[in-house]
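Labels for the chains are A, B, C, D and E, by order of writing; each one numbers its residues from 1.
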Amino acid sequence: MLTAKVVDNIWSTRKTDLLMGRKLMLLEVIGGGSNEGERLVAVDDVGAGVGERVLVALGSSARRMVGDDMIPTDAAIVGIIDEDCEF
Amino acid sequence: MLTAKVVDNIWSTRKTDLLMGRKLMLLEVIGGGSNEGERLVAVDDVGAGVGERVLVALGSSARRMVGDDMIPTDAAIVGIIDEDCEF
Amino acid sequence: MLTAKVVDNIWSTRKTDLLMGRKLMLLEVIGGGSNEGERLVAVDDVGAGVGERVLVALGSSARRMVGDDMIPTDAAIVGIIDEDCEF
Amino acid sequence: MLTAKVVDNIWSTRKTDLLMGRKLMLLEVIGGGSNEGERLVAVDDVGAGVGERVLVALGSSARRMVGDDMIPTDAAIVGIIDEDCEF
Amino acid sequence: MLTAKVVDNIWSTRKTDLLMGRKLMLLEVIGGGSNEGERLVAVDDVGAGVGERVLVALGSSARRMVGDDMIPTDAAIVGIIDEDCEF
């Protein structure tokens, strides 16, 4: 998984029915690695807020998180990193 | 998903029958992250226009979007980002 | 899909039986994006020539292109970009 | 697989039930290649300690490592590199 | 597939039983592209030697190469590039 910070909500009115009702969040990769700063959009079923640090699963594993293998998402938040977890 | 801007149509007369009739669009990654500027081609079943900002699913999730797991695409537009959505 | 230019044939006499008889081409990513210049090898079932611009599907989608899910390829040419298609 | 060094534990109290009880480790890519320094989080079923060098499988192969295809992880430690293995 | 040069063997005594008996090789991406120099570890069922140039399949396609979809590898050598193949 990637470690990322939640930047903002992403709003998309015209989208596939398969993603209707899904909460989409813009994330930025954190962690001090050379991939820091990359951005992506993930489905959030965990209830993360803007500014929180999260774990993100990519690829087919993201579909395991949303509980339906027919959902066309390649990124999903799987957990919120504890506030007192330093890294 | 990646956030991207639609750059142009891509025309390919000699292609696999599996992609016949599919609308192919050249996209450029946006969003202010360090991956900004990467380019890719995606199938568009949503009806995006040149200049619009879109969400793109990659890998096997792209095949979920096109509704047929035998289609050899690794990228598909899943939604158009609202014009008033700032990020 | 990536946009790429065909650089050359790749010859591999000692390879898995699963790839015997397959045409393998060295490709270089084009398109003006920040990923330009990356190189990869793809199976070509479309009949692309050296110097032509092609569309390449990656990952499990490449196996959809070669028509056999047991073939161990992660890249396949899915179409040749029209000569008069500017981008 | 990637070669990586174990940087630290990652603690996430609020996470999907599917990852409950799993040991999550922050890793940093090593090996002298140009991808050195990238960071990611992986499930550890091998028992790696902080500072040890490990092999990491990504994508759907990570789910093979955790023994349950429904677990939403895209990275898993598959082995610990021997201390006297120089590279 | 990536083109890579075999750098060395990788030894891992403490690893998943699923990889026991597998030959693991450290590879470095070659080919003159911008991804040159990235390093990864792959299963070798082809019999490549240190210094040889090889083709590497990534992701789920690597599991096709090792002939068992339950093996947690995301990289496998699929062929050795002929010595007189220039690129």
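Keep this in mind: a contact is a pair of C-beta atoms (placed from the backbone, for glycine too) under 8 Å apart; a residue touches a chain by one contact, two chains touch by 3 or more.
On a predicted model such as this, the values are computed, not experimentally measured, just so you know.
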item: If a chain touches chain B and chain D alike, it appears here; value: A
item: Between chain C and chain E, centroid-to-centroid distance (C-alpha), Å; value: 19
item: Chain centre separation in whole Å, for chain E relative to chain B (CA means); value: 31
item: Residues of chain C engaged with two or more neighbouring chains; value: 35-36, 59-60, 62
item: Touch-based graph of the chains, sorted into line, ring, star, complete or other; value: ring
item: Starting from chain B, with chain C taken as the next chain, the full ring order; value: B, C, E, D, A
item: In the complex with chain C, residue positions of chain B that touch it; value: 7-16, 18-19, 24, 26, 28-29, 35-42, 59-60, 62-63, 69-75
item: Footprint of chain E on chain D - complex, ascending; value: 1-3, 31-36, 45-47, 55, 57-62, 64-65, 76, 78-82, 84-85, 87
